[in-house]
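Next up: some structures, all given as structure tokens.
Paired with chain B in one complex and with chain C in the other, chain A is shared by the two complexes that follow.
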Partner chain A sequence: MNDKAKLAVLAALAIALIGIFLFTDLAGNLEYVLSRRCKKVWAIALTGATVAFATTVFQTLVNNRILTPSIIGLDSLYMLLQTTVVFLFGGFALTSMNREVRFLLSAGLMVLFAGLLYRLLFRAHERDLYMVLLVGIVCGVFFQSIASFMQKLMDPNEFLIVQDRMFASLNHPDTDVLLIATALAAFSVLACARNFKYLDAIALGRDHAINLGVPYERAIRHLFLLVAALIAAATALAGPITFLGLLVANIAHQWIHTYRHRFRLAGSMLLGVIALVGGQLVVERVFTFSTTLSVIINFVGGVYFLYLLLRENRRW
Partner chain B sequence: MVDVRNVTKRYGGKTVLDDVSVRIRPGAVTAFIGPNGAGKSTLLSVICRLVHKDGGEVRVDGKEIGQYNHFELARKLSILKQTNQLPIRLTVRELVGFGRFPHSQGRLTKEDRRHIDEAIRYAGLEELQDKYLDELSGGQRQRAFIAMVLAQDTPYVFLDEPLNNLDMKHAVHIMQLIRRLVGELGKTVVLVLHDINFAASYADHIVALKDGRVIREGSTEDMVRTDVLQQVYDMDIPIAEFGGRKFCIYFGNVPAWKKKGSGGDE
Partner chain C sequence: MKLRYGFVLLLALSAVSFFVGVKNISPLDLFRLTEEQARILVVSRLPRLVSLILAGASMGIVGLMMQQLSRNRFVSPTTAGTEDSARLGILTAMLVFGSATIMQKMLIAFAFALAGTLLFMRLLDRIKYRNAAFIPLVGMMLGGVINSVTTFFAYKHNLVQSIGAWLYGDFSMAVQGRYELLYISVPLVALTYWFADRFTIAGMGEDFAANLGLNYRQTVNIGLVIAALNTTVILLTVGVIPFLGLIVPNLVTLYRGDRLRSNLPHTALTGALFVMACDILGRVILYPYEIPIGLTVGVIGSGLFLYLLARRNAYER
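Coming up: the complex of A and B.
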């Protein structure tokens, strides 16, 4: 199968899953059920595609296939923010807070943090992206520790509200938030679109990329901020969800044997949609909400990824 | 014409390049030589904008490199660093195709394919073009990278220790390929060499660096002399002639015990 055929298979699979999600088990007021499901599918597809896209771009920027954007501590920052709000103002403040405000606050803070991290460190350390990552990890652990400290001091009932936010959930997406998240993702992708053609060359490493005429520093800066914006949008929409990226980016890499980002990005985005829609389908219809999305995706995806690796091993 | 004027580079408090000025002769092979830490590779990287300079200017065809559009400069000069490990898995042909990136930005045209075919043929890689780079030997891989630079089709080619880790046969092969680039295609090649004998045999012009300064430069004829090499390397290096070519005998005095062991006539 060539790359285009593989992409077509993935696209067909994604559409089929979306169709199943929308049109099976219909009961009650059709209009109401369908409009709810449409919203949900939209949120799921958006999350899957943005996380997959961001992870693939991030792995190219750092020339490393086992890192994900969560390494710069965005997930932890999100959790710290939720915990702090509950800790200072009580659980009621978090649940009753205007949803758009909450989204913008979470996403804005994450983008701001990534921007500062980049600005302070990339300049100071002779353009070494790994220094940014290292400080990101340290900050992530720091955020996590403060958050868990506050969680321990908290009233158990309030802690339940925080705990609810610790796991990615797409069960009740909100329309207004969904619109903002879509706009944020679309705007950042468009703003960064002229850098996409450099991705193939950036994958060769810094020296080769510069030799081939990539305006390296500018491209890296823009793409790094794009990754942060996309992850922020997805996380503020669905909760900590970066685990998904590692799996889909690597499965796409194993399955679609090409260095060309046009195919790799499309492949991983479709896989992201398939994984999330499929996972949500299983959570809702098979387990009737008795398990979480991350469990399903990590289990199935992990097993498939191991299978791909073992098969690859035998061939060599 | 590549013109380097008063270039300075510091890392922390250490001055790696100290007011270096060099003019690269067009249509010739220029070798940078010098002891470890002399600044050869840094100078090459500064000229090719891989490393930011702290002072001075580098002019390519009369224009400072900072003034160029990125792709325009990438069509003027190409550089190959000594590490030829890639983070991704590519076939030879895909790698060579990257050389066309400054020309077509990733969408290969018919013209690009012609250049790729030509570069592959020139480097003698027709048989290997669909193999993955990690399946090749060091010498073949080095040739593949040179083919990429060839496809890039720049008048100026900079190579940082292209003979690193190659055995004699492959090293000679690469040097002959470089000679042909200059002789047949009219390119200007600048390379960092560690083995002074390769410079003596294949370079037209030699620039000697030491402690971040250019201490001598001149034609190969003028540079391959015991007194010049003494100044560059702080070593007594006798020169021998064989078949009309000069060879530097840089092995020093062999300790006496070694002679006894091998000769056995004392």
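Coming up: the complex of A and C.
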């Protein structure tokens, strides 16, 4: 099978899953049910596609396939934000807060943080991207220790509200902010579109990319911010799913043996949609909501990651 | 810093730690203690003091040893998956063996911590870029993966908050009857001292070590067992103290260089001093309430770590 055929298979599978999600078990007022399901599947597909896209780009930027963008502290920042609101103003404040405001606040802060991180470090540290990531992780632990301190003091009932936010839940995605999230994702992708052609060259490493005439620093900066914006949009929409990107980006890489980003990006986005829509189907129809999708995805993604690392004698 | 000044400082801080607390006991009372005051000192203050010193000193030493063995400044129980694996072990012990004694829990958690650290060391052998900052990234990813497994089971049994709260670093629980497990770290520290030179040689690489007639694998394994056991003990009694094993050895090697054996007493002392200072700070800031050590070390530690990173880069150029 060549790459195009593989992509076609993936696309067919994604469409089939979306079809199953939309049209099986239909009962009651069709118009109401369908409009709700459409919004839900839109949110789910958007999350899956953005996370997959961001992770693939990120892995090209850092030239490594075992890292994922959420580790630079974005997830921890998101959790710190939610925890702080609940801790200071009570659980009611978080659930009754204007959803658009909450979305923009969460996403805005995450993008701001990533931008600052990058701006402060990338120049100062000889363009060592790993150093930027390491500082991001340290900031993540910092946010986390504050957040878990507040969680420790919290009333267990209020903690449940935080816990709801802690795991990406696609059972009730914030459909109100769906439009904003879509707009944010689309805008950042478009704003960064002229850098996509450099991705194949960037994958060769810094020296080769510069040699081939890529405006390396500018491209890296824009793409890094794009990744942050996409992850922020997905996290603020659904909640943190740390290992989804890792899972789909690597499966895409394994299955589609090409380094051309046109195919890799499309493949991983389709896989992201398949994983989330399929996973949500399983959660809703098989587990009947007894567990959360993100917990399963993180579990499966984590185990797969370990398998990847230990599978064979290859170097990372 | 000369060792003896350090000891004087440690004594001074110990005295402060001994007499700071909600129940006011002044040093002058020492010779005419009421029964209640005497009991507070024996049941709470003294165990706390001892556990502060033990935890600080042994975590510092474990960090130093792990850094030596992996030849990377940024490796520590926090950044090598040790803590996260031990946490998974504790959860397993709680879920599978509900009635386990603390000793059994420790053994299970220890087995997990050891397995996690071994996994990390195996990964290290396979890493292509020996970029210093990349290795802790891998360790943190590994930790995140192990954590996701923990969360998976904790979520199912509604234990997310409990396990988070229970394992949050906090010395206020170090009272008589609850902290004695920490004494296990005394022989571990002694063992580290005994093997110090071998660890230094093992840190020079497998070929070099073999050339000098050292059983490399065995030495590394001994080091990992010590690290895993010590981390587990501290996790079970005090909880997670992020970055402790990372910052203390780095501070010491900044001005002492790399020789493990001569650095050990300094690292132990600095570790104890650092933990004690953070703990006293946490007890004083919100008096009469306490800020747990996990937060004070988490905040101060991340700041210090960022400083170390910046400094290290300034030298590299």
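Convention: the second predicted complex is superposed on the first by the 294 of 316 C-alpha atoms of A that agree within 3 Å, B and C clash if a C-alpha of one lies under 4 Å from a C-alpha of the other, contacts with A are read in each partner's own complex, and residues count from 1 in each chain.
Throughout what follows, a residue touches a chain if its C-beta (ideal position, glycine included) is under 8 Å from a C-beta of that chain, and two chains touch if they have at least 3 such contacts.
Remember, predicted model here, so these are calculated numbers, not experimental data.
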Which of chain B and chain C A:84 touches, first, second, both or neither = neither
Request  = Tell me which partner A:213 touches in the superposition: chain B (first), chain C (second), both or neither.
outcome  = first
Request  = Report for A:71: first if it touches chain B alone, second if chain C alone, otherwise both or neither.
outcome  = second
Inquiry  = If you tally the residues of chain A touched by each partner, is the higher count for chain B or for chain C?
reply    = C
Message = Taking the superposition on A as described, I'd like to know which of chain B and chain C A:243 touches: first, second, both or neither.
response = second
Ask   = Which holds for A:204: it touches chain B only (first), chain C only (second), both, or neither?
value = first
Key: Touching partner for A:152 - first (chain B), second (chain C), both, neither   = second
Touching both chain C and chain B, counted on chain A across the two superposed complexes = 64
Note = Within their complex, chain B touches chain A through residues 48-50, 70-75, 78-81, 86-90, 94, 98-99, 101-102, 105-106, 152
Note = chain A residues touching chain C in their complex are 64, 66-68, 71, 124-126, 128, 130-131, 133-135, 137-139, 141-142, 144-146, 148-149, 151-152, 154, 156, 159, 163, 166-167, 242-243, 291-292, 295-296, 298-299, 301-303, 305-306, 309-310, 313-316
Query = Along chain C, where are the residues that touch chain A in the complex?
reply = 74, 78, 119, 122-123, 126-129, 131, 133-134, 136-138, 140-141, 144-146, 148-149, 151-152, 155-156, 160-161, 164-165, 168, 242-243, 291-292, 294-295, 298-299, 302, 305-306, 309-310, 313, 316-317
Residue numbers on chain A that touch chain B, as the complex places them = 63-64, 197, 200-201, 203-208, 210-215, 259-260
